[in-house]
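Next up, some structures in structure tokens.
One chain, chain A, links the two complexes that follow: it is found with chain B in the first and with chain C in the second.
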Partner chain A sequence: MVKRTLTLEPLLWLLFSAGGVVAALVIPVLLLLFGLAFPLGWLSPPSHAHMLAVLGHPLSRVTIFVSCTLLLFHWAHRFRYTLYDGLQIKHLNELIVLLCYGGVLVGSIAAGYLVWQLP
Partner chain B sequence: MSERPTYTPFHPRWYRPPVSTWWWLKRPSSRAFILRELSSIFVAWFVVFFLLLVAAVGRGEAAYQEFLRWATNPGSVLINLVSLLFVVFHAVTWFNLAPRAMVVHIRGKRVPGKLIAASNYGAWVVTSILVAWIILAGSR
Partner chain C sequence: MDDRITLRLARYRPEEEAEPTFEEYEVPCRKDWVVLDGLNYIKDQLDGTLSFRWSCRMGICGSCGMTVNGEPKLTCETFLTDYAPGPVRIEPLQNFPVIRDLIVEMTDFMQKLTTIKPWIVRDEERPLAEGEYRQTPDEMSEYMQYSMCINCMLCYAACPVYSLDPKFIGPAAIALAQRYNLDSRDEGSGERLDILSQHEGIWACTFVGECTEVCPKDVDPAGAIQRYKLDAALTSLKSFLLPWGAR
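Moving on, here comes the complex of A and B:
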């Protein structure tokens, strides 16, 4: 008899895709600015007051929290299958799942706290 | 998907040739697959980097300047450069795949795949300009 189980897999794939879209749309520009352009002096970085105004806007806070959570889900799901398919680490599956989605939970809580505590 | 499939007694086991751990090195397409999979690590790094920025901004002017100074160290610049390359690779492959994931019909006709890919690239350009404009509006 085929065992029928309700799985979370479709939901995880949905979150993975949503995170993939966020990653593709916003990470390149932000990495280019904060990771390369400002550190290497190509452009002058924004003032602290401006960053506080941009990040502290209620809409930004919600967007940052949701985006970080989706990006972490994207990482967790893809990385889990990298280990599973790529390196064929199948005997540690439970541990990998725990560490990946546990990482999402921790990162998501950190993101929530950080946007909440912004003055 | 289950780890230990249960076998009925006397049922022949399927013959499965063992697959090398490095199976993905053999073909260019599977190497590209693994590179795309590895891009997820750099997505996670970006989240950490960005949250460090948010934390620094939250702690005040001095902490923000300290973050900007820290970001100039060669290690950080290098990892951000590598991350950028990986995430751009992810973005390009993601948008190229979009027409196959999204089948859109307008008035009974299927929207051509090239148009869907183009609109995704368009959204990428618009989002990038918008984000850069918002952030650079405060440049000194």
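Moving on, here comes the complex of A and C:
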């Protein structure tokens, strides 16, 4: 078990890293648009039908799903090391790995389901 | 008359005491005096039993690293006036065993440096008759920054990961590995990767970045480690996807 997580480390780091890029570049833009610019009337928001059409496109669905999954991988890696180093509970490694990457799996399935449900 | 400043020094004399203690000494606080000048004043004028390492007093040798008011510093380039009116607390570098007073045990660090093969590795050495390995200025600038390390160990003293896990190979050793990996004359990056891709190698680093903050030579070990992580991750991804290809 331990050996397997060690050999997976480069792959997990790449996913963490990709998630970091998404978190740093995509999320702030979305937050700025949908959290500030549209509600405060700085920009005129797209119509509901327009948004739905954009979100319904297969490419948008894939992009949203992949972004959510990468963000969850980013969280999992950060949280795992926070538990290792911050709380110093590295001896619970198996449990931590299960919690973090199990969380990614559950979260990704939920994201996939929601994206699939889009009309 | 000179201003004066109090230095609060960590003392540890293993033959006399079981625990480190603090002793205070008052030294002149001159504008051109660094902490190391204060320590040498104490050694020469006040208490000859004080032990500390130093050599060049100009930021080249890397011997005089200590903890000054809680921060890892080269004492030869840390001015006393910056800490006026004092007192200034001076302790040995953190994360290392203390031998005596301000002197730490550095065997672990020295061993870690050698494990990453800090020399030019060639698959096959060229005969001397064929001349030297030549390099353009551009090729040299690739690794120049990482070659500035003076082994002062401030980065190890600042690293929270090394503090938690002494098996972590540490910032300076990884930056030194990059210094050779990025050298156009070197062919040893595969051998180094085997050592550094272990968990105590690059993956233990959580990019806190304190190593780069305290580095007196602007080596940027944190940057070296992140760059190495990307190289290592892509290399292992490649060997996973193309297992038959040579690494």
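Here, the second predicted complex is superposed on the first by the 101 of 119 C-alpha atoms of A that agree within 3 Å, B and C clash if a C-alpha of one lies under 4 Å from a C-alpha of the other, contacts with A are read in each partner's own complex, and residues count from 1 in each chain.
We adopt the following convention: a residue touches a chain if its C-beta (ideal position, glycine included) is under 8 Å from a C-beta of that chain, and two chains touch if they have at least 3 such contacts.
Treat the numbers as computed from the prediction; the structure is a model and nothing was measured.
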I'd like to know which partner A:97 touches here: chain B for first, chain C for second, both or neither. neither
Touch test for A:13: chain B only (first), chain C only (second), both, or neither? second
Applying the touch criterion given at the start, work out whether A:29 contacts chain B, chain C, both or neither, answering first, second, both or neither. first
Applying the document's definition of touch, where does A:49 land relative to chain B and chain C: first, second, both, or neither? first
Between chain B (first) and chain C (second), which does A:106 come into contact with in this model arrangement: first, second, both, or neither? neither
Quick one: classify A:88 as touching chain B (first), chain C (second), both or neither. both
Most chain A residues touched (candidates chain B, chain C): B
Chain C-contacting residues of chain A that also contact chain B: 17, 81, 85, 88
Contact residues on chain C for chain A in the complex? 160-161, 164, 197-199, 203, 206, 229-230, 232-234, 236-237, 240
With touch defined as at the start, can you tell me which chain B residues reach chain A in the complex? 3, 19, 21, 24, 34, 37-41, 43-44, 46-51, 53-55, 57-58, 60-61, 64-65, 68, 71-72, 76-77, 80-81, 83-84, 87-88, 90-91, 94-95, 101, 123-124, 127-128, 131-132, 134-140
Listed in rising order, the residues of chain A that touch chain C in the complex are 6, 9-11, 13-14, 17, 81, 85, 88
Applying the document's contact rule, which stretches of chain A touch chain B when the two form their complex? 17, 19-21, 23-36, 38-40, 43-55, 64, 68, 71-72, 74-75, 77-79, 81-82, 85-88, 90-91, 93, 103, 107, 110-111, 114-115, 117-119
